[in-house]
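Both complexes shown next keep subunit A, but they swap its partner, so subunit B is in the first and subunit C is in the second.
Right after this comes the complex of A and B.
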């Protein structure tokens, strides 16, 4: 397969995300622009300009009308996807590391970083779909208080919020609970190092975490039981679940800051395909010349994209071999 | 950032307005005359076939394809812009049961790894090439399968002679796991009497295979001759420039009986659309 290279960023990619139908691809990087691309041919539809710092995270609503971005300029911006216009800006105390719309698009969560004397927090805001103005008052604020939160996601039916921590633990929060003591439903120590990415399955009943401890794990979203463990030979930055095949895709690599010299071969900058159930590596795709920071599979299941430390986004369309492959067991 | 790459901008002087001729098959022919960098007049003919590929998409997706560009892309024409979108080099995603790279191999060797179920992985051996995959997935299936029949029929008359040899070799080889048998231990130490490798080579029974096709590789010959007995040496005459086969090959066996068997069976055998001719190599006589 011949990948499409998207060169819309000048700094390392931080997150990429397909919309629900898989026709649009949103990319954010440590520069200040948000790009949106047509995924089928790599044509750039537009850019969202307005952030003043590195953008850490992006999410798009189910109907592809609203876009949410969180950045290191201590703000979250809500955009109109079609026009690129800024709809609202929320200012918080520290950098925003993760944003996500709830499955019903009524709420959104922001994860802010623990820095400069401020606590790390998970803010929950309600979206007002009927008026132009959005409320600046959060519906709820969760203050984890333990290890720093790095990533978070919504569960099925907005029921829980699941968060990954710097110490490798995963916590399930009942965010509707008003008493902060009772908000934590359960906590499990699943990794031995920082959790770098946390992505849910399409129905949001299970999730995959990737960690610097060179493993990725598939967890049940309600019980947080470890369902599967994927072991690799390099620290992982990202992991995703392929929607309609039994695969997971992991990305990572040795960061340039951790070594003196890194060639693309030694650096292990490949996206790795593992069998979701048998935990077996089934294939690799090379191409990036820096660690892979973020990976996402199109909801259609026909392509996947990776964003690297090298500033490129590579969109790969699977060829016939992929669709004809059957794991024999 | 403008829409075209600097490499695409023509430096040549265009002499005529391009002539466009469309034919009934939908092929457009564009004829242009230009003066190139060397001052020569050149005619450029481009044949373009336009194919309309229809794709069904969701209404919402179709709607979004009509959106106007915005931000830094505002006002740009439709279609991918070369300054931001490129096609990369071909990459491969080869999915396989047994994983990829060195890591997977290490895993298989590690008996302590719980994931590595030995009862399962050890038993899967290809009947044709002895590789670790199912026979139906053998990459040499087409070449070896037809050979298997004839080698089986070749083995049956002197099975008794062949089997003790195999068992003796493996017992001398030591540990039951290793398939490797050092050359001096093969064939019941028979060849210990020979002094230098050169003498040994000359002594070995050698057959000459001719009428091989140009595309034949050494591995093909090896695969062809292996079923008749252990092969000591395969020489395939190749053109030094093109690397293509010159049409003949010498194969030495450790035992005369296996060479004889190969000669009997392969002479007149159809290989790659050609009928092979096999005879004794002169030097061994």
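Right after this comes the complex of A and C.
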């Protein structure tokens, strides 16, 4: 089936996210707009306007009522998904690179960048569901103090927060621990270059990391043991785990500055499907003419979307070949 | 000086013991002054009257080789029956040692006349050998070290081929498993410092190092022999791997070789004074012995020729001769392994540009008579037409000459069997403003060596023979403008040249009146961008490829013998040239058939560019079987095989009964495939089971933890299927509206 091209951004995409049911797709880009689309036909439902800088990250709550966005204007905004109303704005010291609701919607985490003398931090806020007003005081702040944090995510039952670093290491934090010395449960050197994306499985018991070192790796979220390694031939910007099927999807490509010559296949701007267990590449989907910055699979399992450096979001519906594909074992 | 006693001084000079000083200084003195002196023996014995004549003769024959010092000829005489006669030898003193060594090399064995063959030696040698001990000392007995079978890879049960591959610092040798996978045999880090090369028949793997070249072989890739040649850059083998040639831009320096060998190992230094300053070395592979070293060829003005094609020393197919051209003046042909000039002098060929030996890839060749033949060419000079000449060696008789006018350039393309020579002649048009090509094809399988000419309107840039000997067929790439396209620093063409590819075949038609023999055009494929033609080593199949360009990477696999129904004998048909498949390998820089013509490797080398380096294996029909991307991938080469030992009648017999043979191999294939699939599936099964058990353990752990979690429902992250609403939209689109008046 022909993919749907979503033309709602004028600058490179930074993150895209389906809601839990997979009927809505939220997209953010460096152009300061947040878009929401019907995922089945690509019709734009609306935009959320209010950020003043490039938006780096987006997340939607489990019940699809709240939307969280973090941007380079050093702020995080909580929106009402339905009305588009700005519910609260947190101002922090530096750009916000990653936000995520906890799986039970009670907490939020913000990852802020290390810049201009400010430390990189992971803020944890509690959501007050009974009032529109939200507290400006975080319930906890984790200051990693080691290599710069680039991405972070919640674990099952809010037990841990897992973070990926610029030096390729992954750290597991017991965020409830009050003694900062004891917050780090374990650290593992996983990649040899910066970690660009970290997404968890649906049950949040394992995760996939993508890195500039051309690999993506599957880790146990508690032990941080490396379960699988997916070797590619290009630096990766994003990776996601396909729910219900044994696949992972990776995206990346040569950075714009490195693409010097003419051919489009030289840039390797394809989404790559790998078998989750056997680590074999099983397919590629072409289309973007710039690196893929973000990929997400619909929780319904019928489609996946990619956001590219070229400013487009492509929604691909899986065809019969995909559903009939069986890896012999 | 403990013996010096002031009270007991020696009374006369004769009493002083000088022996310690003599031993200390005498030899040193001799070495310094006498290594420019040579001893010429076997001179005619002359009386005083003829003495000056003989001295003049000596001066004459040494004139070109070195300058004799004033009064440098000393001829001992003896008095017999009252008149003085020379003793039949002379000491000749030259200006320096290098001239002396040149004289020794060139004049030793020189035929003065029928009875006088000169023996020329260094005076220092006379000294050395006269001092040699008379008692025989048995050389140390070296222990026998068993070696691997050097041709073991030919005995592979599945007749697989090997290839060697280099990436980053690693060099590895691998088996090709039907293109589907590779089995690593050996892999070593830093095995070679620059590049590697197989020997011509595949027996040795050559690695290059700062100190020299090393040959490896056998099943464990042991070191077979090493050749010390500092800074070696280029190497070449003789056709049967008996000899090995190395070239280094650094002149040979005995002392630095000693330094590399380390103290106490000076006896391993293969070089002597005559080698110092030379650049080319010829070695014997089996013994590792240096046969001779050579300096650069010299131009007419005495300056060295530092730009030359490689191989610059070319072997005759029998390995009996080794030859090098000095552009403009001569071909020097050396006898092997004696390494002396054939006939004691170079073959003078004024204005010669280049030459090539006739090859012979078939050891069972019937035509043994013409075995050592070489062809050379001369351009037009002073209204004399240019010439292509074939001579047989060592008698140097001219067996064929052809005059051609307006030659710009000639390149020789011998058919690998040696039965034909195509001279690709680039010629000026009458106006001299543009060029065109003509192919002068000589057939040596006929005694009269007839030549046929294929004249083209445009320029032939690539010529390739179908390597089979039973059919004379070739392919060419021809273009309107012969100027090569622009390239970047790494030799990648940055623009494409539109080219045409044509196929020709030799046809002999016999009628009652005459026999027509000619090369007929089979087909021209036009408007291509092909830069390279690669015939399968077994003939028939050919790949047209676009290599080393930054914009196109086409690979086209052709069958040139597709069966055309009702094609009359001795005729050709366009339909027999059939495209089997067209593909692309992004960034391809090199292409090589395996020696059996079953598989093809295309590769993208990091020496040329840094995008998508790696290689791909294809079958002969152009189906890609295997592709690997490796960062810093540099070089991949199939291991060559020796020539087949079967003669043509056995080969055709096998071809006739191919069905009965293939049955056996098909059965083998089936067995292999089923074991391969089991081999592949078992680890997958295991991985799958591991994954399932890991998932189960994680689920148990999560279940356990969930008991302590309040409001567990809120953690549900699966999509709810309740109150899902399907809205069906019907969109009507107005495609066209027509109003009709009735």
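As a working rule, the second predicted complex is superposed on the first by the 325 of 329 C-alpha atoms of A that agree within 3 Å, B and C clash if a C-alpha of one lies under 4 Å from a C-alpha of the other, contacts with A are read in each partner's own complex, and residues count from 1 in each chain.
The criterion applied here is as follows: a contact is a pair of C-beta atoms (placed from the backbone, for glycine too) under 8 Å apart; a residue touches a chain by one contact, two chains touch by 3 or more.
Every value quoted in this text rests on a predicted model; they were computed, and no experiment measured them.
Colleague: Based on the superposition on subunit A, does the combination of subunit B and subunit C result in a clash or a fit?
Modeller: Clash: subunit B and subunit C overlap once superposed on subunit A.
Colleague: Please work out whether A:316 is in contact with subunit B alone, subunit C alone, both, or neither, and reply first, second, both or neither.
Modeller: So A:316 only meets subunit B here.
Colleague: Using the touch definition from the top, say if A:45 reaches subunit B (first), subunit C (second), both or neither.
Modeller: first
Colleague: Touching A:281 in the superposition: subunit B (first), subunit C (second), both, neither?
Modeller: first
Colleague: Check the residue A:6 against both partner chains and state whether it touches subunit B (first), subunit C (second), both, or neither.
Modeller: Touch partner of A:6: subunit B, not subunit C.
Colleague: Mind working out whether A:105 is in touch with subunit B, subunit C, both or neither, as first, second, both or neither?
Modeller: A:105: touches subunit C, not subunit B.
Colleague: Does subunit B (first) or subunit C (second) touch A:33, or do both, or does neither?
Modeller: first
Colleague: Of the partners subunit B and subunit C, which touch A:64 in the superposed model: first, second, both, neither?
Modeller: In the superposition, A:64 contacts subunit B only.
Colleague: In the superposed arrangement, which partner chain does A:300 touch: subunit B (first), subunit C (second), both, or neither?
Modeller: second
Colleague: Who does A:21 touch here: subunit B (first), subunit C (second), both, or neither?
Modeller: both
Colleague: What's your read, subunit B or subunit C touching more residues of subunit A?
Modeller: The partner with more contacted residues on subunit A is B.
Colleague: Among the options 22-30, 346-354, 580-588 or 652-660, identify the stretch of subunit C whose C-alpha atoms clash with subunit B after superposing on A.
Modeller: With the two structures superposed, the offending stretch of subunit C is 652-660.
Colleague: Residue by residue on subunit A, keep only those touching subunit B in one complex and subunit C in the other, then list them.
Modeller: Residues 21, 233, 327-328, which sit in both footprints.
Colleague: Where on subunit C does subunit A make contact in their complex?
Modeller: Per the stated touch rule, the residues are 550-551, 586, 611-612, 629, 677, 681, 684-685, 687-688, 691, 694, 698-699, 701-702, 705-706, 709, 711, 714-720, 724.
Colleague: Tell me, which parts of subunit A touch subunit C in their complex?
Modeller: 20-22, 62, 103-106, 156-157, 159, 202-206, 220, 222, 227, 233, 261-263, 265-266, 277-278, 299-300, 327-329
Colleague: Please name which positions on subunit B make contact with subunit A in the complex.
Modeller: 57-58, 60-61, 64-65, 67, 69-74, 78-81, 83-97, 99-101, 103-104, 115, 134
Colleague: Touching residues of subunit A toward subunit B in the complex: what are they?
Modeller: Against subunit B, subunit A makes touches at 1-8, 21, 23-24, 33, 37-38, 41-49, 63-64, 82-84, 232-233, 273, 279-287, 314, 316, 318-319, 321-322, 325, 327-328.
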